[in-house]
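Below: a set of structures, written as structure tokens.
What follows is a pair of complexes built around chain A, which joins chain B in one and chain C in the other.
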Partner chain A sequence: MEMMRKERIDRGVRVRTAGLYAISSWREMLYLMGPPLFLIIGMIVLPVILELAPYWKRVVNIVCVYTLLALAFDFLANFVGLVCLGGAFFVGIGGYLSAIFNVYLHFPVYLSIPLATIGGAVISTLLLMPALPLRGVYFAIVTLMYPLLATRVIEALNIFGGTNGIIGLDSLPNVYVEHYLIIIATLIFLYGLRRFVNQDMGLVIRGVKDNDQAVRASGISVTRMKAFAVFVASFMGCFAGAYISHMYSWAGNSLFALDFSIIPIASVVIGGGGTLLGAVVGSFILVPVSELLRNFGTFRIVIYCVILTGFIVFKSEGIMVYVMRKYHQFERWVKV
Partner chain B sequence: MNDEIILSVQGISKTFGGLKALVDVGFDIKRGEVYGIIGPNGSGKTTLINCITGFIKPGAGRVSFKGRNITGWAPHKIAHIGISRTFQIMRPYYSLPAYKNLIIPLWSPRAKTVGGWRGGGKHGDRDTVAIDILEEIGFERDSRVPYKIASTLPTGYQKRLELARCIAMRPEIIFCDEVFSGLSMSEIAGMLPLIEKMKEEGITLIMVEHRLRELFRVADRVMALNFGEKIAEGESGVVIENKKVKEAYLGKEGV
Partner chain C sequence: MEIIVYGTINSVILSLTALGFTLVYSIARMPNFAHGALYITTGYLAWLFMNKFGSLPYPLALALAIGITAAIGALIYRFILIRIRGMEISEIIATYAIGLAILEGLRWGGLRGMTFTLPPFITGSMNIFGVSVDYQRLLIVVAGIGIFATLYLFTHFNKVGLALRGIAQDERAAMMLGIDSDMTAIISLALGSGLAGLAAVMLLPLGNIIVEVGYNVLIFAIAVSVIGGLGSWGGTILASFIIGFAQILTEAFLSSQYQMVVALLAIIITLLIKPSGIFGKQKELEERV
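The block that comes next holds the complex of A and B.
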């Protein structure tokens, strides 16, 4: 019997456009620039299109918030080797800090969001420092515990408005600022990260995931590299938190809710880990689904589980890994 | 070779639970020397390297590099002052192409300060430097080998990549943990000139090795370990004739 084997070969156009030189036709330019342009232009016109369905306009903001968290998770998990279960922690810290700056200290929005982003990233990084020199599950556990801890501390000490939260944050100047602030931030973080992981410093950080001993033996402090990566990730998370608290004009305990930790992870699983684009695609699927299922209440979780299990069983690599492979390569059957 | 003592190790001991991995091991190494460490499996060779390079904290003893006490320093600090090492179990940065593996040591603070002529520089420069180092160590520049993903390289190239990672640091001492093991005779024959070349460049080499024949061709002095204790030290011909060394390798009956 003849044995057949599937062979994957890079498409000609991919090979031609891989180098710096080679761009010689519109087709090749379209091949390279088409997908990012589609995403960027799509994201920018989306709020305009959704003028027809105002309810969904706000959903776009939420999608972007979850995208930022998913990007942070994907970056830490697939490029640094840290499994972060604490998206909610970053959101909570960023949200509460922004509320403190805005409501208690009367800083305007355009100061409170950046200050909360930077300050929150510093605080998160410092609090996570003890787990960084260790390998294994410690980082995951600590990030999972911190949001729970924060909720209880705020309740027990009745600080920052206790269970009611801090109310009366300034909302963003107008609805377009609200949309484009988060959309442009998402695009900047997405393409910034994609660029960063291929820079020299990004390679060092990826080296930590592959082989931290060799990085140590190269005279580089692994803990410092991890701390930097955590700073970058928590920067994105805290920005999302600060933004969301201003969007709702409210910062409360639900900023530390498990949703902010779990949905981004599910998005990365569905979208495809290690691609960064997968985080965007996953969030654009999961968050609207979650909105559609709002009427079902907690039954949503069941449907989530079905979707996730389906992906893990049938397409564990995720959508973007699959799509990118199809885009760059073709397959054919050959005799063994 | 001159008589300056570059690395001095005194009374290193280490126990893992009840197991005495190293007992009062000490030796001095001169600048520019090739020093071999031999011993049967489990005799504590790799543990000794780990203790000196900071990957394990020694239970007792003192390591000094150029007269400076470096006992118990963090591994990256020891690497930073010029003591580099390979790993017995090769683990390149799997997902990166071979030449990108060298970006990591070239990015390190040491390469920036000491390198001068090769390290540092803006993004892009490091790629060129990395390819130069790989060519020096036997990757054919014009072939596709330097651009292959590290995990797909043959063992011989992975071993060379380990050495290249050390050389990129511009170290003063390199600890080679069994760089010959798992290689074919012809691959070893290809590695020996590299060792000679590093020696000529004035790098001090400390080689832990099972392949005695090849080691004795390059080593100036050899130390033998057995059950964590130093049983012999001296020129290779003398050590191999030592009764204790023969016993350790062949058993009492064999002598």
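The block that comes next holds the complex of A and C.
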């Protein structure tokens, strides 16, 4: 019997665009620039298109918030090797800080969001510091505990408005600022992060995941690198939190809710870990689904978890890796 | 005196909840984030058997519930975790997702409020050193000691138990001697889930069966195991006594709401001073960067 096997070969256009030929024809340029331009332009025109369906305009903002969190998770998990089970912690810190700046100290919006972002990132990094010199599950454990504890501490001590939360934050100046602030921030973080992981510091950080002893032998402090990576991730998370608290004009306990922890993880696993773009794709799939299932309450979390487990077990590469393979390569059957 | 008596009881309770988690981690090297979910599942199953499905007698219902939970643990490993073993990130995410799915599913199914309770085994109370203690709590202490003794005997004088310990100490050497790694992992998950269930049926009569308890149990189990050194049993017992007494002291002098904060502070202090926990000697080199 004749044996066949599947062979995977790069498409001609991919090989050509790897060199100088890339700028020699429109086809090659389109091949290179098409997907990113589609994403960027698509995200920028999305709010305008959705003028037709006003309810979904807000959903775009929420999608972007989750995208930021998913990017942070993907960066930490697949580039640094730290599994963060508590993205909600970053959101909560950022949200509460900007509420404190805005309501208690009367800072304007354009000051409270950046201050909350930076301050929140510093605070989260310091709080996560004890778990950083260790390998293994400690980081996951500590990040799992923080958001659960934060709600209880706030309730128990009755600080920051207790269970009612802090109300009366200034909302953003107008709807378009509200949309484009988060959309442009998402795009900047996405492409900035993609650059960052391929530059000097990013390469060292990836080295921490693959072989921390080698990084250490090169005279670089592993803990400092991890702390910096956590700072970057929590920076994104805190920005998302500060933004969302201003969007709702409210900062409360639900900023520490499980949704902010589990949906980004699910998006990354579905979209494809380690690609960063996968985080975007995953959020764009999952968050609208979550809006459709709003009536189901906590049952949504069950659905995410089932999807998540299914993807991890049966399709661990995720959508984005699969799509990229199809885009760059073709397959054919050959004789063995 | 009250502090000593209730501190001891609280410590035994804590070590009971943490035992299953530690066992799974030490043998299968897997952090079982579904621990709290399995704990609550057992309680809910026992309640179902007693109140919905033909009102079985109490001991039978409990035994069935524990058995089913152990089977769930084994099935989780056999069909899900076995495929991602060794991929640390996936292991953490998968167990966490399974735990969340169970807990939030139960919450959606209506597991809240005061309706879900299990009766205590024996009612009544007696005085110990002038402190009134009800029989259920006394029973927990006695049973806790019994469970520890049984586990010790099982892992030291039984072939299966010795195999489990062998895998925990050196997986490759154990496999060379013909011990099936996956089989021991299945056994350990079943045993760990069963222990979670056992702890649940003993402890749940003290309160309501609600979803929040699942999260609390997970947090305290993790806290105790981290402080004692992940995967170390002696450390787990010692750490549960430390946290148990610390909690009772905070409850006596501050307020019970600070209990969680005590656990977290204890974890952070442990990670800062002695990251591998009190008895985590053998893995110190592995885990420290």
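Methods note: the second predicted complex is superposed on the first by the 316 of 336 C-alpha atoms of A that agree within 3 Å, B and C clash if a C-alpha of one lies under 4 Å from a C-alpha of the other, contacts with A are read in each partner's own complex, and residues count from 1 in each chain.
We adopt the following convention: contacts are C-beta pairs under 8 Å (C-beta built on N, C-alpha and C of every residue); 3 or more make two chains touch, one makes a residue touch a chain.
For clarity, every value in this text was computed on a predicted model and none was experimentally measured.
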Which of chain B and chain C A:Asn211 touches, first, second, both or neither: first
Chain B versus chain C as contact partner of A:Leu203, first or second or both or neither: first
Partner chain(s) touched by A:Val289 [first = chain B, second = chain C, both, neither]: neither
Contacts of A:Val222 with chain B and chain C, given as first, second, both or neither: both
Chain A residues touched - chain C or chain B, whichever exceeds: C
Which superposed partner A:Val334 touches (first chain B, second chain C, both, neither): neither
Partner chain in contact with A:Leu134 - chain B first, chain C second, else both or neither: second
Touched partner set for A:Thr298, first chain B, second chain C, both or neither: second
Residues on chain A lying within both footprints (that of chain B and that of chain C): 216, 222
Residues on chain B engaged by chain A in the complex (per definition of touch): 53, 55, 74-77, 79-80, 84-85, 87, 91-96, 100, 103-111, 123, 126, 165-166, 168-169
Residue numbers on chain A that touch chain C, as the complex places them: 77-78, 81, 83, 85, 130-131, 133-138, 140-142, 144-146, 148-149, 152-153, 155-157, 212, 216, 222-223, 258, 262, 265-266, 269, 273, 296-299, 301-302, 304-306, 308-309, 312-313, 316
Chain B-touching residues of chain A, taken from the complex the two chains share: 199-201, 203-204, 206-207, 210-211, 213-222
Interfacial residue positions of chain C with respect to chain A in the complex: 31, 33, 80, 83-84, 88-90, 92-94, 96-98, 100-101, 104-105, 107-108, 215, 219, 222-223, 226, 230, 255, 257-258, 260-261, 264, 267-268, 271-272, 275, 286-289
